[in-house]
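The data blocks that follow each hold one structure.
You will see two complexes here that share chain A, one where it goes with chain B and one where it goes with chain C.
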Partner chain A sequence: MANQGPAYYSPYPTAVYEGVITPPEGKALLLTKVVDEEIAMREIAKVMLTSENATIFPGPQVLYGYNEESKKKAKLIKEMSEVLNAKMIPMYDYRPKYPKIDAEVEINPNHPNLTIWHNEIKAAIFIGVHCHYANVALKIVRAETDCYTIAICGLSGHEDAMATLRDMHSHELEKFIKIAREVKSELKL
Partner chain B sequence: MGTNIYKINPEFRDIMPKEIIDLEENATWSATTDKRGIKELPETKELLEEHSLCAGCPEAAALRYVLAALPKPEDTVIVNSTGCTSLMFPHIALHTVHSLFGNQNAVATGIKRVLDWRFPEIEKDVVVLAGDGATVDIGLDYTLQSFFRQENITTICFDNEVYANTGGQESGATPKGQVFKMAPTGKKFEKVRMWELAVTSGCHYSMNMTASAPKAVAKAVREAIFVARYLGPTFLNIYTPCILEIGLNANEGLREMKEQDKERFAAFKFVSPEAEELLAKLKEEGRL
Partner chain C sequence: MSKRSDMTETKNWSGQTLVTADHMLFEAPRSKHFMTGSEVLKEAVKRCTVDASVSYPITPQSEAAHLIGELWAEGYVGVYFRGENEFGVMSEVAGCAMAGARTITTTSGPGTLRAMENFAQWSGTRIPCQLILMARGINSPLTIQPDNLEVSYMLETGCQIWYAENVQELFDMSIAAFVVAEKPDVHVPIITVVDGFFVSHTRESVMLPEDDIALFPYDPNRAPLPAIDSETPPGRFLRDPFVMKSNYISYATHASWQWEIRSAVERSVPYARHYLKGLVHVTGDADAEIAFVACGTASYQAKEAHRELTKLGIKTKVIKLRTIRPFPEAELLEALKGVKTIFVPEFNVVGWLEKEVKKCLYGKCDANVVGGPRVAGGMSMPAEAILREVMEKINSGKGA
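And then the complex of A and B:
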């Protein structure tokens, strides 16, 4: 269960209260450490390939084909899920679910922990989720579950994820997929 | 905005729930039909299907009529305020903004001006939808000021004549003598005739009506939005009774509205000469 936050205001011990902040440009965040992007990519691939029920949560920015970049990213995320042997559960919009969320087939930022508990997900990638909702969801997941969360972000990353890759556009996703393939063959999976 | 934000990338189609695929395939947008309307409700995917209002609440029905009548839903931003309506807005598959209580017309003003500046080539509509507490009491200043300034926004007041979701306090729109749980001695002054204030404050189109006739609501919404888009502020006051606060059952909302069609909500319609000219032109062009 959630702990009381350090300020006794937020119920969650958020990362910033523990001194963790987003990585600088060109770098990535692994737990509390700022590391090179490639090191983080290798670690992320390893975690996803070796954790139970690894899942990718694609958000609206990649689920819908509203521009060329999103269409390109969709193809790459599909490829990524195949390389990582990961399931995909969509976060297709941010409307609260009424009367009840179907935690098996969808994830909602208002109660992401339900989906993670229900599907026993031990590692998850958030990609294409708008920043403010990713922040909310990642804070809840961090406090309420033991899931290893990974944020693949097009902007400056998310400190509440266990691992963060920032400025990830289609070119960088291609690089990540290449590294994931290498890690997969090293692990003989 | 535009409809591309509803087009699912083929790579994800197999993991999307049916309701989202329906939204892409069966909802109506301005690009798919010239005249959206309530006739389509039984056959198309609605922009609001699930909501958390009380069973039989007329407000939920009225909102469905409003959403079905929007001329360009994909290019419409709805601004709302605190009240029963704010329980429904998170469920709508459109852009909505929840303002602070009473600030809705000020927020809508800013949004409309920025949209016009940012997208001068696209017609975008801003519609305010709030209850009588937000429109007639707490937000009266902001509402009237937006009329004075001739902002191009449509203001729709869902008038249930009470602060309903806080337990039943009287509002400016409550009729004289009405007793509620939190107003035990009865209202001491007359109901504020907001639709008349709207006219004297500069609205080009103002109506007072109930939501008993879906077609009439849809027509009024469409006309008001077109007038706001091309001329200036418009106002609709629509009676959507709170069946709980006035002691009715879930199936009695429609009867109550029909009864009030001839009393406090007897039809009032004001259309300025410029608006009349505009509406006649739009009708000729087949847009109404």
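And then the complex of A and C:
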């Protein structure tokens, strides 16, 4: 994670150019530190449960029923939003939005800050967004908002998010939901 | 035509057993062969379950392109065709790779420049294709001789650039290149460079695993951009309003996109370190105060010079750079500890590697960088030329 946002107007510096890259297998990234997955899961749950207008942004990989895994993930993400008391604003696809995006109901990877500004979102989870678009969006969000960004990724993770989990399949999402319930209980929320 | 649907979970379309890259590169038994660079590239492609290859003739890579075509005829490569020219080839490579195909092509010298626009487009679209660049230089009057000037033009295209020293490295690198380029967090094109003729046309002994094994096929479902299909045509994201508009958010998106491409190249470092066994390879005297920093066959000649200098009682080391993009800054700085004078022998007139080395060392290393010797236009670089450069430097005013 580069300078915790806002880093003024530019998506630079990016995390990679500050020496931070995606976490190794079995690990997670919290700001600039590689940590155990469970530690990151607890922190993510805490941030989501205690931030204003916490929102989950599910992407095409979990919004469309490509396979049984994506269907299972979609149900778990719905459950996750309930546990985290989080809203959901989808990123349906990466196509142009004409005549202009309705920032209240969807997020465009190329204009993510509009949605976050408009909805005053202080913590966000990106999940199911193709990695390139997630990275483009995360850099802009980090540069231009004070939103705490979280990437829950089925592949290698995203160093430009302030917290990132990698290799998150349905089994790992179930584990995250379990931990989130524990954190919620500890916070008496 | 070989088809993905002909594969099973354990065998590819030509009946080769599917194996991991670690098995292919580090574990599978190998036997000795005697091959040119072009021939060994055929052997590498044969073991990579390549979906598509597009070719166009230009010296010195024509034979390599031809031999990949033979692989198609033998059923090892899914699709093979000749493009209209290099621009067409690189565009067609983009199309194949965007559709989810593991794709390879080869080019040299002016062909590289004819296709130039495509390389930045390749990286911008996050395709993991591989270009084997058999360098021959760029010049008017037209040259077809060894020279690596065209590499300087490729440095800022957003592609990874690896540089193989010899036939063995070309084999191993061109296999590892697919694997690293296809990592989801990297997923940018890779250019594997060798010095034309010196490697492409020179027969050397090389250790190869059996040809009944091959890499698992590329999985485009792990790509950072969705592969193109009837719902996601190739122009789709290029038509997104941020491309067309002149407003603040468009600029921010372009900036973020470009930083993301360069970040992706840097993310390849741990993978490249693993598969190449280090981004640099250091030989010679560990406590030397003189170092040669080189890539490709220039590093081989530097090793020859090291042997001669050892006879004269002069300690030197050779730091061979295996990757140019990402530039191995940390490894180079580590290898240069205690070094006072650095020579950068190169096969081009502009000294692009010297510039890269100086940029990397500025403010971080006090060693003096000597850009040379340089040869070009087809000249060879005998060890004596390197010796002369060193002796003139350390015996200043006394001649070599």
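Quick note on the criterion: the second predicted complex is superposed on the first by the 178 of 189 C-alpha atoms of A that agree within 3 Å, B and C clash if a C-alpha of one lies under 4 Å from a C-alpha of the other, contacts with A are read in each partner's own complex, and residues count from 1 in each chain.
Note that in this section contacts are C-beta pairs under 8 Å (C-beta built on N, C-alpha and C of every residue); 3 or more make two chains touch, one makes a residue touch a chain.
On a predicted model such as this, the values are computed, not experimentally measured, just so you know.
Peer 1: Please work out whether A:Y64 is in contact with chain B alone, chain C alone, both, or neither, and reply first, second, both or neither.
Peer 2: A:Y64 contacts chain B only, not chain C.
Peer 1: Quick one: is A:T22 in contact with chain B, with chain C, with both, or with neither? Answer first, second, both or neither.
Peer 2: Only chain C is touched by A:T22; chain B is not.
Peer 1: Identify the partner contact of A:V34: answer first if only chain B is touched, second if only chain C is, both if each is, neither if none is.
Peer 2: In the superposed model, A:V34 contacts neither chain B nor chain C.
Peer 1: Which touches a greater number of chain A residues, chain B or chain C?
Peer 2: Counted on chain A, the partner with more touching residues turns out to be C.
Peer 1: According to the stated criteria, A:R95 is in contact with first (chain B), second (chain C), both, or neither; which is it?
Peer 2: Both: A:R95 reaches chain B and chain C.
Peer 1: Pick one for A:H132: touches chain B only (first), chain C only (second), both, or neither.
Peer 2: The answer is second: A:H132 touches chain C but not chain B.
Peer 1: Have a look at where A:H111 lands relative to chain B and chain C in the superposition and call it first, second, both or neither.
Peer 2: A:H111: touches chain C, not chain B.
Peer 1: Taking the superposition on A as described, I'd like to know which of chain B and chain C A:S156 touches: first, second, both or neither.
Peer 2: After superposing on A, A:S156 lies in contact with chain C but is clear of chain B.
Peer 1: Considering only the contact definition stated at the top, list the common interface residues of chain A for chain B and chain C.
Peer 2: 60, 95-96, 98
Peer 1: If we count contacts the way the header does, which residues on chain A are in touch with chain C in the complex?
Peer 2: So the residues of chain A in touch with chain C come to 9-12, 14-17, 21-22, 24, 60, 94-98, 110-111, 113-114, 130-133, 135-137, 139-140, 143-144, 155-157, 159-160.
Peer 1: Quick one: which bits of chain B touch chain A in the complex? Just the residue numbers, please.
Peer 2: 2, 4-12, 15-17, 20, 50-52, 90-93
Peer 1: In the complex, go through chain A and note every residue touching chain B.
Peer 2: By the definition above, chain A touches chain B via 58, 60, 62-67, 70-71, 74-75, 77-78, 88-90, 92-93, 95-96, 98-99, 102, 105-106.
Peer 1: So in the complex, which bits of chain C are touching chain A?
Peer 2: Chain C residues touching chain A: 126, 183-185, 187, 222-226, 236-237, 239-242, 249, 252-253, 255-257, 259-260, 262-263, 266-267, 269-270.
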